[in-house]
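Across the two complexes that follow, chain A remains constant while its partner is chain B and subsequently chain C.
Right after this comes the complex of A and B.
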């Protein structure tokens, strides 16, 4: 019992509660100060990360180790970027309330708990904590028809997936008699895989596909990405997907790693179908957020390819992929919000000629989208390269081939957007204003994306050393 | 009564719940079906806990009841927001977003 190991989560929760209480005392009006407090809270949580000691916490429901620290860094980075996006976005919304910030912080602290969950009970409760915050955030603008529709679709799919997940967990519990990940792994070394266990694994994997938006629980992604407030879309795309994958690493590699013969083929099939569906369905899209949703389904397919490889290298590749993905999403969504503030639309055709109106926005979309698509020499390319290497090393040739074909298709639909930004004439020549701070942040995010592509060495060494301890 | 009797009961309830979520058109009935899914899992967890002589499953049931309650509460709140903007609770009319 060492509660200090949950200090980063407590700092986040404390900041979230502080923001809720502040709402009562401060006058109505601009909420920019709330974002600053939130960012300071996240920074405080991040500062405490390097001083964490490793080991179990709270009756072994949680476990602090290198993997959880890495993912907590990812959540802190995406949290700061997303709070900045909220700050940009809130001017366009009437009746803005400070609780939006605290809900984001609650969701992030839940994700941090997920990153260190080491027991099915703690894991399930943290997962639902994140999910409930995200349902509210997705439906936040209650006057808007599309936002409430998006929230409802997210909730119904999410609750159905949770039902599958907990049903699967009950069978794993029944087959092994334990809920701790380490105890389950230990029990599986002696127990022969039974029908209960296989059923449990299949249902658990199906339930987890919701969080990472892959087949078969991907149906929410396009509508929710399009309909939810844009900062929430960024949160879902970057942080929520990372949370889903840290859970998959913990459950499949950690708890069920000894019986990987039972799930590798299943994951490989899901990964192949997800790759094909996400990328092919992205081609005809006309709304940029919806396009990114389908591309995100495709990315989930690539990441699952790393899971299907079921090796240390696959785990490291997933971790690196998520880092590059967060920066790609951040650059893209900051530009989307700035563009939306000025034009009031997310349609791809309205982006025509953006280069003439705001060269920096066009450039960040260029870098962000191509990094998500995996174009060399950007960060996303190195990440995909590691994923392919891990898959080929384990003999998943068919999957790697599908992945390579779909990478070309991803290049195609993103280059269509980029072509219209750079080569078409704008309907309206008026330049779009970007303030100094946003400019600086965009330069920083783009620089990181490029740097992760041309000088990946230190980070990849780090993630590969963390990945050694996943199994 | 053996373990399998309870598991079959739980499976039947789970299937009814999933069918309800997928087939029914009224969102309130969809939320009821979700509740049925969570409760069928509670039966399965409690049965395993009883036959394994382990307390963890029973504890899990308590957590699961809490989570299900929270989820359905949020669901009803969002449902009210949907009803206010559209004056309907039919799933088939929720199709504002296409391409």
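Right after this comes the complex of A and C.
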């Protein structure tokens, strides 16, 4: 019964359906209980993770291995944090429906499947499953024009990217005669790379840049991050980016690893331009969510540096980076939602004097943003350092140079937020209330971010042991 | 294990204040002062042991922090004469300044926050000093920058303080950009981050001299940021927006000297680096020293004058490292820590009494504040380098090493700088403590908690120079040359490098320059036989340029910052919004629309542009790919 290997996905799907059915019977009203059910469902899925046995599932479309388990952990962690953010966010929205929770669970189960995909077919189906959920989520606030517009932009650009992706996949299939990642890799050992294969690789990579919001398919990110409901932004920033990178690890390192000479330079170019674009364009931003969108584009550039290194160390660095990134994003977005609930705005200038009004929120943003910027000794520093070392080891000096320069720029724009919070007088002195539960969670998230920076050993051991099987 | 306590105790103090005693200001200050005094007591036995045994074996303790195949990073400490000297300075001067701050900062709103930040600073600074590898030094390097950011921005009600904090942080990051790249280069070349292992690999001649030169200059960028060397010096004068004890501790005695300490710690690299790279360092130091001394002349804010003199001193130290006189540089660092901390604390005492920073609103304070005045004058004499005060010995050693390395131009610059330094220090002393009364309030001597640190520092400012007395064995140079991993220690020629002969020519030349400076200062500011307004008018252009810091800050603000911020970032926006969307895409869209109109399939809206942007991007990348 190899279907048991998809048990975590089934638990998530079951929870999502349960919530959908419940919605039919319950009267209108608060749906915070759903978050609790959803978190319990995710916890159940997470508990099943260590008991998974490795091997293929569902006609070899999926594969349970160490890599998929690691990423499923990432999705479980970000799922719990995001459901909590949804719960906080619920109060500010009129006409709230419980299906929002199930959609998030559906998206997460799709991402888990994506982490397990071992065949272009399974991969594409999972990818579209995730995408459809995200399209709905991004456009969820039907009353807001900005949100609807963001959703539409996301949908159309996503469809376009999917077109490139499927076109590329068909070329790869044409060149190798296989759709399974392992079979493609095997076929490539004997087949001489042809123009069609290269075209297939290029189109596939370009299609995947949509998911990770790097150039040239980054254009949706700023509008969608700013316009979408904040929990969805967090989902896109943390989980969806991770899903994009697990696919890149599977496809580029796994299936196409034998012909890495064909794509390394191409990825390096994309990485360099993405780094420059994301960070420089972030400088003049006035809206915090939009700023994080551009910074997120920059982060995609750093992660692509790890891809361009095309080594086990690069793979490990990407995995470590994503973990620290999820916690950085979680701390930041929980604070953003609490702040928005109280003030009704995401403008950076409105954060002035936050230190006096809500020290914990200011501190969480401080830790979260500095970690994303890669400031020692936070988790993000180790992650960035790890990526840099992977790139330097492969002799990617130009990328390391651009990356180090952009790290200053990143410090600059995050410092503007920090300066506003800590070194400016608030326009309104009234303290912002943060409930006990949220306080506890923020302390936890900050503690993890710091711990990942000062005691990275256990996680680096884990990711390096996984990375050895990636190629 | 007691070495690790040096890091744990101040960190614990910072955390305790932040999370537990924040509401109780008085208790918080005791926690912070207690922590730094404990650190001093831990360092003292080691320091005494070292004084008794100059060829002290270094003690290294470390554990693996990051253990990735192909990437091992330790967290470790190294105790050798070099780190002990620095530890002694940081904890000793730090203790005095903590005690002074308890009175100076009394009644301030953020009293507890101030002490938490000070403890965080001590933690980070000790981390830099103890670090046995590049990554650890880098981590603490950044943390010290953060502590400095928090302390410069302490009076954040003032926008200028918040801006100064940001400027300091960002300018330092620019230096750190080179620093981290330099670390990467060295790791790539040697495969280790550990100083001693790296020293052995470099001394074995396994690294090409081009790589060493590149690494030396990149690492030096880090020192340029932290030690405020030209052209990254602009943050230090602005950092005076912070409370005065902070200026004394961080921006004079310890943190800004961290750059010089780092250069000494990585001396194995600079000993092996090609001559050209070293000349760049020496000249940057020389330019900084001279320029800052000139700039100090144009200021009338007592803290800013001392800040520029600090810049000038840092330039001196860097110049000394550049010509190979690392021991002389460290010696100067030590004496400078004492007399400069003293000068800042004295200035703080004066500011505390007069409630102004402008020396032209002080005057004739000597009868009112005798302790402050006497200690300040002793500090000024040490700073000018008058025999036999500490500054004389250390400055003389630097000038001797510059002279004996054959860089006569730099030697001239050094002597000239000494003269100008004497001139503006005479000005400060004459205008602040003597002359006619110009203050408006009722100044009185500061409380005992503030004057005792002044007296202790004054004693050290006077006598610390004897540690480097030529002919004394073991003297200061012996200790520095016994540094683990240094070229001298490796070759086993203990002290050979440091044994320097007292050069009468150098001593007499610099003393003459100093006396000329003092006499001119005395004639202008005390005797008034030369009218200072007349000079200002005669050289009005130059004087104005000095007051405007030679327009360097203007250049940065208007050209570089505005250039990056307004132009590059906006350019990207512009490219995206106007060129891609409005020009290319609207162009394409226009054509499409015309075709569409014809086909009655008109769709319009921004989204289309995005899709076109993506397809356009794909095409461009495909072209790049083909070209690759």
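Here is the rule we go by: the second predicted complex is superposed on the first by the 470 of 471 C-alpha atoms of A that agree within 3 Å, B and C clash if a C-alpha of one lies under 4 Å from a C-alpha of the other, contacts with A are read in each partner's own complex, and residues count from 1 in each chain.
As a convention for this text, a residue touches a chain if its C-beta (ideal position, glycine included) is under 8 Å from a C-beta of that chain, and two chains touch if they have at least 3 such contacts.
Since the model is a prediction, treat every value here as computed from it, not as a measurement.
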If you stack the two complexes on chain A, which partner ends up touching A:156: first (chain B), second (chain C), both, or neither? both
Taking the superposition as given, does A:69 touch the first partner, chain B, the second, chain C, both, or neither? neither
Quick one: is A:287 in contact with chain B, with chain C, with both, or with neither? Answer first, second, both or neither. first
Thinking of the overlay built on chain A, is A:376 touched by chain B (first), by chain C (second), by both, or by neither? second
In the overlaid three-chain picture, which partner chain does A:360 touch, first (chain B) or second (chain C), both, or neither? neither
First, second, both or neither for A:121, with chain B first and chain C second: first
Now for A:451: first (chain B), second (chain C), both, or neither, which partner does it touch? neither
Common interface positions of chain A, toward chain B and toward chain C: 152-153, 156, 160, 284
Under the touch definition given earlier, write down the residues of chain A that touch chain C in their complex. 152-153, 156-157, 160-161, 164, 198, 202, 206, 215-217, 219-220, 265-266, 269-270, 277, 280-281, 283-284, 312-313, 316, 375-377, 381-382, 385-386, 388-389, 392-393, 400-401, 404-405, 407-408, 411-412, 415, 419, 422-425, 456-457, 460-461, 464
In the complex, go through chain C and note every residue touching chain A. 64-71, 135, 138-139, 142-143, 146, 153, 156-157, 161-162, 165-166, 169-170, 173-174, 176-177, 180-181, 184, 187-188, 564-565, 568-570, 572-573, 576, 606-607, 610-611, 613-618, 620-622, 624-625, 628
Would you mind writing out the residues of chain B in touch with chain A in their complex? 14, 17-18, 21, 27, 30-31, 34, 37-38, 40-41, 44-45, 48, 52, 54, 56-57, 59-60, 63-64, 67, 70-72, 74-75, 77-79, 81-82, 84-86, 94, 96-97, 99
Could you list, by residue number, the parts of chain A that touch chain B in their complex? 120-121, 124-125, 128, 131-132, 135-136, 139, 142-146, 148-153, 155-156, 158-160, 162-163, 166-167, 169-171, 173-174, 177-179, 222-223, 226-227, 284-287, 290
